[in-house]
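Below: one structure in structure tokens.
Labels for the chains are A, B and C, by order of writing; each one numbers its residues from 1.
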């Protein structure tokens, strides 16, 4: 089953933020900006990726992220094929490697993968010749979320360099937090992760952030980035926090806790009344809808980037099969 | 999260039949008729809505209605994105308002929504700038079903004005019945709802119909409109009717109960042998397949109508964002 | 509900392998070959079926086969609509005949159906005017699988005539085995089905194969075709084989059991370590990825074939409505 058509040279993927340079980030955000202008026109479809195929391989239910990737591909005129697997019944015990090989046999240009296992996107990248985009692997990485957050921040605040972003909540289980901390460091912004001690992973500072258990340390931040509190963590008897009520009392973002001039972000879906007060969610300070909008153009930019930039860099080895 | 791009003026939606004028109905049916002619050609796709995006947001499983809307959008060359939510697991406890805001961030031209809660389409219309089409909200309304039924009736009988339509069955739980009674009144037809007393809502006559518990009152009707008997009503121990057998004996539509010249309609899916005898379902009097066919062209017409007619009426405020 | 537009003459379907002539098989494989060349170009989409509609009606969950048919239709620029039904909840007790009639009302050009009941594709063919392709009916037939297997064999071995194919495993429950035995006979190849006595159906030789319980009889075969061992058969207490371990010991395909020069095929998904050793699955002898690739072009060829060849043969009666 070895495939002689897998090119020997480097292919462009988006697997983790740590693979990106600051130039990569700048280029993707600029592409996204150009696409955003084009979407303001009445007809919102571009012929850029006509005839290309994007396969979405989702091993975790995520209606929202999947919808965002599907629409991004369609707006660029690519064909999409989405496979959702909610456990062993769908893939019938087949290994990820075999599923990837099956998908690869269709010669997709891009495989977008979400998987509960850390490193799954790397497995797919190794066993196929497609460009691979990580749409979330376990607690590890969610790079397009980080990029869309940068885009939304820059759009709202006019710059990224020198910003201070406080990331509040369940940092331990959050691939969003991990990716964002690294992405902020790349663009010259700094971050502080804040949460109860049980939800702050040891040694997180190695990623390039400060860490604190005191929400007061978010006071001077330009951005309050509120993480989703996963109710499952509480209900399964995992005693990460004593109760949702206590969590809300200490870390819930109420209007009083938002300094004038701060913007508030959340990756969605929000638990109104738990990690974020409805009055904050509905205020002008909240960028939640802007983030969703950013998600579309940034994912369009990423699809464009993995498919086209590599070809320019490595014209011989990178022709799309 | 307030969105300055939500236009101040009126947008065209299809939320309930009561919002429609008789002119609106005539225009939509005429558009559907034109589209039906175009579909008779070998290539069945029209470029009308190229570059437009239709989001289908379905909170109740309805393979058939969703398929009809998806195909209607595709036949007009629109892009579609369908989100199905079968309860809290998919939307992870997110409020309808937040989901709508998320969808709105993608700037869809139309949001088609089916939801178990009455008034959900209005919520979506208020919190987005999309044109909203109600594909069924609770027991309340199902306006495209009513319009397609009018279309199929006119096609079969040559007219709508002056017709008498007997609507038989579980009127209490039927949004189909509610919408149809109102739509018939708009076009100058009259209706009688007929069923066991437990399944006739009090005061239904206020919608503009007669009500009866005696199937003999359907004898002079031009159309026998048979409602689906929801087995769930029986099985869940809700004693709306003593038994399916008794229901069938009193209200099941057998060949003997169809007057020559009457046509028989059913919104599908049929429970053969319960509310409708298979011999009736398979007879030439039954318009069931015609209704499905009507559903496609009427939904195409509705998508076209909400997107284009409004722009003509209110050119300044109504440019589609 | 009789439909005057159902043409009186023959329509082309692909219901079972027994309907095919050797000329049909040769023509479909040749078409597939032409399509494969076209897919090697950078832009992999052909305008061949633009404006046509392919409905996928899947009553058994089969992410892989459905994806293959969807992508085949999209690569030919057809519109697709996929309906999955995982039991009574989705079709709400509706009969297959009524569902087919509903689908037919949308005037699809092709209906691809997978159904647990033998003969379901014939029911759909009778009650609609669409061209019908069987994507698997019960234990009976899976003709596109047989055709793609022929394609992959010919690609790997340069010929079909005179080949000997050993089909190993759970023949009893396998529509793949039944279809393949018949297809091999059509092209002048011979086959031997091999498995434990409980999994060899009596009288299978009538389809045109030899039968054996001894894996040694696969020794002289050109192709080792390994069937999927359905774990469900073991777990449900159906004592078709004493244990998976014993099954593997007797019939599992290990490197030692593959003669040099033999190729190994498997319809997927593989149970590594049960019916096939991972070292075999990953060896150059395995054609599994080639089969998946063949599936795409063969299904494209089948869609093209049913839609166009019939029209040539019967120009008057066969105009697609």
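Here are a few things to note about the model shown:
By definition in this document, a residue touches a chain if its C-beta (ideal position, glycine included) is under 8 Å from a C-beta of that chain, and two chains touch if they have at least 3 such contacts.
Because the structure is predicted, anything quoted here is derived from the model rather than measured.
Number of steps on the shortest path from chain A to chain C, with steps defined by chain touch: 1. Rotation angle for the C-alpha superposition of chain A on chain B: 120 degrees, rounded in steps of 5. Once the centre of each chain is set as its mean CA position, chain B and chain C turn out to be 38 Å apart. Among the residues of chain A, none is found touching two or more other chains.
For chain C in complex with chain A, the residues that touch the partner chain are 39, 42-45, 61, 63-64, 67-68, 70-71, 74-75, 231, 268-272, 281-284, 286-290, 292-293, 295-296. Those residues of chain C that touch chain B in the complex are listed here as 1-3, 50-53, 79, 81, 83-85, 89-95, 98-99, 101-102, 104-107, 319-321.
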